[in-house]
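Chains here go by letter, A, B and C, matching the order in which they are written, and residues are numbered from 1 within each.
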Amino acid sequence: MSDIHPSAIVSPKAILGEGVQVGPFCIIHDNVILGSKVKVEAYCELGIKTPLSDGGALVIGTGALIRSHSTFYESSVFGEGLVTGHQVTVREGTVAGKGFQIGTSSEIQGDCSVGDYVRFQSNVFVGKKTIIGNFVWVLPYVVFTNDPTPPSNVLLGCTVEDYASISAASVILPGVIIGRHALVGAQACVTKNVPANMVVAGVPARVIGEAKKIKLRDGSDRSAYPWTKHFTRGYPNTETSTWSEREGEE
Amino acid sequence: MSDIHPSAIVSPKAILGEGVQVGPFCIIHDNVILGSKVKVEAYCELGIKTPLSDGGALVIGTGALIRSHSTFYESSVFGEGLVTGHQVTVREGTVAGKGFQIGTSSEIQGDCSVGDYVRFQSNVFVGKKTIIGNFVWVLPYVVFTNDPTPPSNVLLGCTVEDYASISAASVILPGVIIGRHALVGAQACVTKNVPANMVVAGVPARVIGEAKKIKLRDGSDRSAYPWTKHFTRGYPNTETSTWSEREGEE
Amino acid sequence: MSDIHPSAIVSPKAILGEGVQVGPFCIIHDNVILGSKVKVEAYCELGIKTPLSDGGALVIGTGALIRSHSTFYESSVFGEGLVTGHQVTVREGTVAGKGFQIGTSSEIQGDCSVGDYVRFQSNVFVGKKTIIGNFVWVLPYVVFTNDPTPPSNVLLGCTVEDYASISAASVILPGVIIGRHALVGAQACVTKNVPANMVVAGVPARVIGEAKKIKLRDGSDRSAYPWTKHFTRGYPNTETSTWSEREGEE
């Protein structure tokens, strides 16, 4: 049984799993598949038809929470456990893994790929063709661009490898690759590839050292990076148990 | 005949052209004139009354597409072919030409002027009294400011001349003039006027060369600027046909 | 008597003062107390229940104007005269004084504290545990961060002292204190504390002089700072009358 608010407009063609909740003033279009226990809060519109898609459905995995005033187009697939903030916009053709968190007012444009357990904070802008790995952190107001000479017809998406962290208000230029376990400082303008395990900062961003030399600010003498050695909040045990086994890896 | 969703609230005083579509949960206030074939998607509110206007109508030209959760005040005039993203906010007293595209979450404050065929990507913020020419490109998260010593009662709007491009996350300081066919790099802080056909970058932004020396990243050896020599997507032939005639102009 | 639009959904448990107006398609949850003459525009949702709160109510003081598409959680308290822009998001546990203005698309995360007569312009992001004093100005796209080594469990909120101004698109790093009557330049990355009455600018931000040496751009020869000597717009006389008495203080 689903729990659909009487003011919501839900297409009879949409496929809703067990225990789906749809809030007031929502609109669910034809081409939408919601897994079991998905909760859609007020004023969300899901499955907007687009001429840029191949007609694929919007698929939202089990247990998602989509917060109010969010907008999803058809032709994207999200794994289980998606959580969004408010006013999130997702255009066509995005494929994301499980446990994806997207902060308030973030926007994902078309043809992006996102791994498992990725966390975007607020107002992250993800241009077309961006590729994000697993366990990546993207802090508020980060912008992933894709046009190296605007305007042009060249689209060079950015790539972020597993476990990388990108601090607030940084801009990643077209085609840049941010390496595994790298750290991008706040308000950096990243014009070149960032090597794995390194820190970059500045406008334009330059390598300023190894991430492992940064200490946690908790009074301990521990390294802040790789962060997988001290931070596991919100990840399932099945994932984090392997992190400690790889203690000396990075 | 118009196509008004039964949940929409449309003032009988609003003037709707032939073939207007108004989506679910929209609100169209008294002082609104929608041209023929305008499409307003869900959760939009048009024509909010404001004490800062002279009571002029909100006029939306023929064929506009206003995407969901957008908000327009009264007393602005948009030419034909307006296209907005989601969650766009437009305050009072803006006058814009035809073919204007405004990206998701962008905001235009009062008393701005925008030419023909201008394209804003997402999250562009346009302070009061900004003047934008024709065929200008503004990329995501660009901010046009206007108060040189905040807070004060001095308002110095920015000016952007025809064909200029402003890359992602740049900030344009009060009163700055960006010249015709100029290029502002990503995350620049533009504190001084930018000469025509030049590139600026950095915080604060400095001239780093002529735009025409930047090559397209498509494997050709062509200049990326002036972009009118290689990019015409989405513009009408009537406009772009004259661009090639002026091939050697810039 | 309140004026509730028939399409709004208002809990009978919510407490509404005299002359409250609630617009179309609003949702007011159980745990909400609205002072007299509060106006809530369309598509707002107030009082979302959160597991992160102690169950305290959302309290909105007398005479507030909450603009459309805004979202407030339970367990925050706002003094009289709150004014928001559109699409504002306020999470749990915020306490703010009177006369607070929050611009369009701004977001306040949990456990923040805001003084009296603070003004945020558009798209201000306020991370958890930020502390803002009285009469502070925050311009568009400013980001207050709180995690010094993302991701971690260390939260170091920023502090902004009375009368400080923070210009557009600046980022304030975790734990930074911005002194009384200080000025942060546009697009600064503020990594260290800012002394009272000083100006900082750049990435990273450095002290570039005393604020009082900056002249107003109105043709006079007056100092722009402390701004309380020339700017009083919108503040009550009861506040500004004491500013002139302290003319020589700063």
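Just so it is clear, a residue touches a chain if its C-beta (ideal position, glycine included) is under 8 Å from a C-beta of that chain, and two chains touch if they have at least 3 such contacts.
Just so we're on the same page, UniProt names per chain: A, B, C = Acetyltransferase (Isoleucine patch superfamily).
As the structure is a computational prediction, the values presented were derived from the model and not from experiment.
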Overall pattern in which the protein chains touch one another (line/ring/star/complete/other): complete
Angular offset of chain B relative to chain C [C-alpha, multiple of 5 degrees]: 120
Between chain C and chain A, distance of the C-alpha-averaged centres to the nearest whole Å: 27
Touching two or more other chains - residues of chain A: 7, 25, 43, 69, 87, 105, 123, 141, 169, 187, 203
Residues of chain C defined as touching chain A within the complex: 7, 9, 25, 27, 43, 45, 69, 71, 87, 89, 105, 107, 123, 125, 127, 141, 143, 145, 147-154, 156, 169, 171, 173-175, 187, 189, 203
Residues of chain B that touch chain A when the two form their complex: 7, 24-25, 42-43, 68-69, 85-87, 104-105, 119, 122-123, 137, 139-141, 165, 167-169, 186-187, 202-203, 214-218, 224-225, 227, 230-231, 233
